[in-house]
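Per-chain residue numbering starts at 1, and chain names A, B, C, D, E and F are given in the order in which the chains are listed.
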Amino acid sequence: MHEHVVVTKIDRPDPEVVSGLGAAGVATVHEAAGRIGLVGPRIRPIQQGAVVAGPAVTVSSHPGDNLMIHAAVEVCRPGDVLVVTTTSPSTDGMFGELLATSLTARGVIGLVIDAGVRDVADLRTMGFPVWSKAVSAQGTVKASPGSVNVPVVCAGQLVEPGDVVIADDDGVMCVPRADAADVLERSRTRLAGEADKRERLADGVLGVDLYGMRELLAKLGVRYVER
Amino acid sequence: MHEHVVVTKIDRPDPEVVSGLGAAGVATVHEAAGRIGLVGPRIRPIQQGAVVAGPAVTVSSHPGDNLMIHAAVEVCRPGDVLVVTTTSPSTDGMFGELLATSLTARGVIGLVIDAGVRDVADLRTMGFPVWSKAVSAQGTVKASPGSVNVPVVCAGQLVEPGDVVIADDDGVMCVPRADAADVLERSRTRLAGEADKRERLADGVLGVDLYGMRELLAKLGVRYVER
Amino acid sequence: MHEHVVVTKIDRPDPEVVSGLGAAGVATVHEAAGRIGLVGPRIRPIQQGAVVAGPAVTVSSHPGDNLMIHAAVEVCRPGDVLVVTTTSPSTDGMFGELLATSLTARGVIGLVIDAGVRDVADLRTMGFPVWSKAVSAQGTVKASPGSVNVPVVCAGQLVEPGDVVIADDDGVMCVPRADAADVLERSRTRLAGEADKRERLADGVLGVDLYGMRELLAKLGVRYVER
Amino acid sequence: MHEHVVVTKIDRPDPEVVSGLGAAGVATVHEAAGRIGLVGPRIRPIQQGAVVAGPAVTVSSHPGDNLMIHAAVEVCRPGDVLVVTTTSPSTDGMFGELLATSLTARGVIGLVIDAGVRDVADLRTMGFPVWSKAVSAQGTVKASPGSVNVPVVCAGQLVEPGDVVIADDDGVMCVPRADAADVLERSRTRLAGEADKRERLADGVLGVDLYGMRELLAKLGVRYVER
Amino acid sequence: MHEHVVVTKIDRPDPEVVSGLGAAGVATVHEAAGRIGLVGPRIRPIQQGAVVAGPAVTVSSHPGDNLMIHAAVEVCRPGDVLVVTTTSPSTDGMFGELLATSLTARGVIGLVIDAGVRDVADLRTMGFPVWSKAVSAQGTVKASPGSVNVPVVCAGQLVEPGDVVIADDDGVMCVPRADAADVLERSRTRLAGEADKRERLADGVLGVDLYGMRELLAKLGVRYVER
Amino acid sequence: MHEHVVVTKIDRPDPEVVSGLGAAGVATVHEAAGRIGLVGPRIRPIQQGAVVAGPAVTVSSHPGDNLMIHAAVEVCRPGDVLVVTTTSPSTDGMFGELLATSLTARGVIGLVIDAGVRDVADLRTMGFPVWSKAVSAQGTVKASPGSVNVPVVCAGQLVEPGDVVIADDDGVMCVPRADAADVLERSRTRLAGEADKRERLADGVLGVDLYGMRELLAKLGVRYVER
């Protein structure tokens, strides 16, 4: 009943929405989405300063086996972000510069992988951004079936093919395709509000006053004492 | 019986002693203090090369809730270091660039947090140094009481308000306020002794000779063999 | 029966082979060796961009005690890599800039340590490359016996004295001395083949075609669907 | 856009199918389902020998807050299994004997929780089976909203309300409601085949012969040597 | 300045208060104390069903070294609980049946150790209850100084000599000596209230009604839907 | 160069020595061996009270693949202990009751596995003792080559085929075949000495007196104070 499939056609979100979400950044989009959608913090960037946003092409792979990453390249389109998961935990280096070369040729803009990567010096030099659970040179086989473009769970977060993946120095965030435009609008509203707050905080206004927390603190029984 | 309080006034150490300890650095101060006081190594800098030393303003917070960090800003003074802990383990991103903006306006020089932070790209750009357990964009609520300027345990180390916190690329160290001047003096003695040792080791003198370890090795039964 | 020994003389591999393996890099050598020999990914570089290869001088130490590292300096020769393990897990900072100064004076080119290091800012400035399990300023004693140049297990990998240790941004790899020349030859063959593959992948040739995986995917029952 | 909801009505699977899956056990059902559906091994039973199978009622909760578990009790029906997750990692003891008493009164047959539980001695005495990530007495607040009967990710596995959850000493397994009957049939086929295999293996027939692996081993290049 | 001391005389709490806290159990006492004082959940019992409460005699030890546990025996009195910590993380088996025999002879009723223990089969047979971070036979030396009856941090919790330590299947809890009588009174109030709640929940009354949570849920925006 | 082999003939230790080591137990043998040889504490028994000792038959397997365990059965002899490792970390359930049935038919007396096992309820019922890193029902494939009876590293400990493996509630210990008789003799000497010590400690003699530690404590600068 459980079939291994490569789904060749997926619906992708509006590119302008995608690019707007990337500009807003992971932390803002996460708040705008109602504090859901964050890929777990074990997924870390191998570089500093990279920001990507794109439709997810998803891979579900046997641990220690990168056959399905190779199979996934063909269904990627320019602007996509590849999201790789394994069916049980693994830190093996399933991805390196040859695969990055191939993905770059397809226009893929980044990789999120709940496993290991290798050739990280080359990947940094190439400017191919990666967010991974581990760096490991441990080689893998190409022997077991898996799937491409099925729903996957990446570091505790459900990612469906075509969802918007945003990744920056704070980590990785997933927005369901259907919610993307709405979340973008909320992100922009949020960013606008933050600019004003930032200015006032920089001027020395206290957050407890700016956000009106004094009453809450009192109600929660927090007392101010000198000791 | 357990009250939630914000202690508004704390005793702070002598600023010259604080600055001397910062100049000595975490590893030296740790040795000078008798190899105690180190905050556990899970607390890592989000930047390279930053060094801070200052009196601790401490926060004890419910996990997933940053209300008490907001409450703490008001009691900070220029030169302070904010030390944030949670009542149970959490990697949530309790702190970001808006709070850093507010702390900077108060003259706070850095953050040590046994939880997560976000907006790390912004924090690096602002030059606000942070030592944390995790980087995570996971948003938090502002709903539960906690305390400011009570004794806290940060990554296994007791930190009392007004203790000297020193942080650099090696991690984070805490010196009780009452011991600070004494530890500084011992740190300086130590640094003076190290300069001489460094020179001799660079000249090729062996540590086993410099430190007189040959006798100890023999006494412990360590044999030299050729095989 | 279990003796603590310092083995003063070990057989070292051919320097040209060592340097060839360093040029090939950890990931390539690991594949060439048949996907064995990798030190576990918990060992990470404290710097970016460093590459070292050299004969292993090994240390087996009591946790929280760096006496045997001092004892090991004497038996090191120019070009060696020091490999330090503890008899039970420890993150203590057993190694810092004074030991690095001493090792540099002996011509040692790097350290691999399944424990903690400190003075990392200094080590980076000195250009002494280190791969470690942790950064920690936790000081250690010099009180317990151990051994130098005996077989050790480092992050799950057996390392014998005189084995070739290769370390770069991908981690650390160990090649038995007797296999080194053979693995180098296979590494070079592999590198030659990769250049061609890289070019074709950059041209847009798919890996599934380049590596002939379509038949395997079909045989494994992976179906292509549109949905 | 992200709403907090309590979905009061969910579709439940056929009780006979559910009970058949429970009788087959986690390991068999997992194989029958095509080796998918397993909740990660960090979720462990607090007792030995318990086996439960039932429709999942799911809870998504703020960490350190058990308000939504209380809210979930009302929508449970006899035979259900409660599945509790938090929006970020937590080991807090969100569940104890009072909640178990309440669930037992509703006919709920067990709890799967990706967080902590407490009162474990009482829970064992009551015979209320629990699978959890941690045992911890850390108390929680009742202050933050969450949801009941929405899709959740539990230790890396997507669980939808009404899916069949099977739990025994091997861990926890989830079968989508739509697949349950089919997986049960395959489980029974598998069990029938295993009885025969067990008998032959007990008679000393080797697995390599029984499963015909000798050819595969030869093809993979595994050589038999005496040394 | 940092001295290693054995403090031979400590103030102990009222034995009746201690025994009352033990009867209330870890979870109840933790709630009564205001949800503070819990030793982290990495400390687990090696047996089931044991409950102990007693004044803490504390040990701060070098990792991999059990000299100070031996030194601590002399200052223990009947009814005490020994609490052992190390100055950096260790899983070594610092404690076994010989030490348990010695402690039993002194009337010590249990051990809490943030490190490893061994001879666990013997310890279970002897009925000497232990809560530890690990089970490990790894032997230790007796070579480094430490302290007895100084404040220690055990799995994140400050424990002062003479504090009341309560331990059961839920873990370990510490109540400051000065608060013990007050916390006991609150624990008893709590237990009385729970008996009534338990009965009503067993009768099918819902927690959301019993605790009056419906208004809070509505105020937090949690909506009830059928779908 | 790296071949996958099944070594069909190994040298086994003297059965009387093996049985003597089993009777001495892991903790005693570990001390007798000079505090080396312990398999790391992440390997835990799935049952209580089992004690086994036998020659190691070793397996090196691809993660998520149990083909080589099947291949190993044939080379096992009555009294052997199977030791299974993977070439990179894995918690997959590579072993269950069918394999245990097959091993039992060959006379194998236990399993040590640095990965996961399943069917643990059945394994306990069968009385087939297992020490493992994890319990997990995650199924595995039979697709990748590995080796049998080659040196392996199990949880940080080198194990060679034919070494004596001893396992009990304290964990797992490995004694090189050549050292077994000598270690047994030392174990017996140790056990004899412990009986006397146990009696004296039970009589209230202090360890600091029995082991003569008072002088050491004084020399290390540990002071006795009243406070």
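Just so it is clear, contacts are C-beta pairs under 8 Å (C-beta built on N, C-alpha and C of every residue); 3 or more make two chains touch, one makes a residue touch a chain.
This structure is a prediction, so every number in the text was calculated from the model and none was measured.
J.: Half is the threshold here, strictly exceeded: which of B-E, A-C or C-E has more than half of its contact pairs identical to B-D by residue number?
T.: C-E
J.: As a quick test, compute the distance in whole Å between the mean CA positions of chain C and chain D.
T.: Using C-alpha averages as centres, the distance is 41 Å.
J.: For chain A versus chain D, what separation do you get between their C-alpha means, in angstrom?
T.: Distance between chain centres: 28 Å.
J.: Touching two or more other chains, which residues of chain E qualify?
T.: Counting only residues that touch two or more other chains, chain E contributes 3, 35, 38, 87-89, 91, 136, 138, 144.
J.: Based on which chains are in contact, what kind of graph results: line, ring, star, complete or other?
T.: Drawn as a graph, the chains match no named shape, so other.
J.: Every touching chain pair, please?
T.: Here the touching chain pairs work out to A-B, A-C, A-D, A-F, B-C, B-D, B-E, C-E, C-F, D-E, D-F, E-F.
J.: What part of chain C is in contact with chain B in the complex they form?
T.: So the residues of chain C in touch with chain B come to 3-10, 67-68, 70-71, 73-74, 91, 93, 96-99, 101-102, 104-106, 116, 118-121, 124, 134-139, 142, 144-147, 149.
J.: Can you list the chain B residues touching chain D in their complex?
T.: Those residues of chain B that touch chain D are 62-65, 87-92, 136, 138, 141, 143-144.
J.: Quick one: which bits of chain A touch chain B in the complex? Just the residue numbers, please.
T.: Those residues of chain A that touch chain B are 26-27, 30-31, 35, 38, 41, 44, 48-49, 168-171, 173, 194, 197-198, 201-204, 206-208, 211, 213, 216-217, 220-227.
J.: Residue numbers of chain C touching chain F in their complex, please.
T.: Touch residues, chain C against chain F: 1-3, 33-36, 38, 40, 87-89, 151, 153, 156-158, 179, 182-183, 186.
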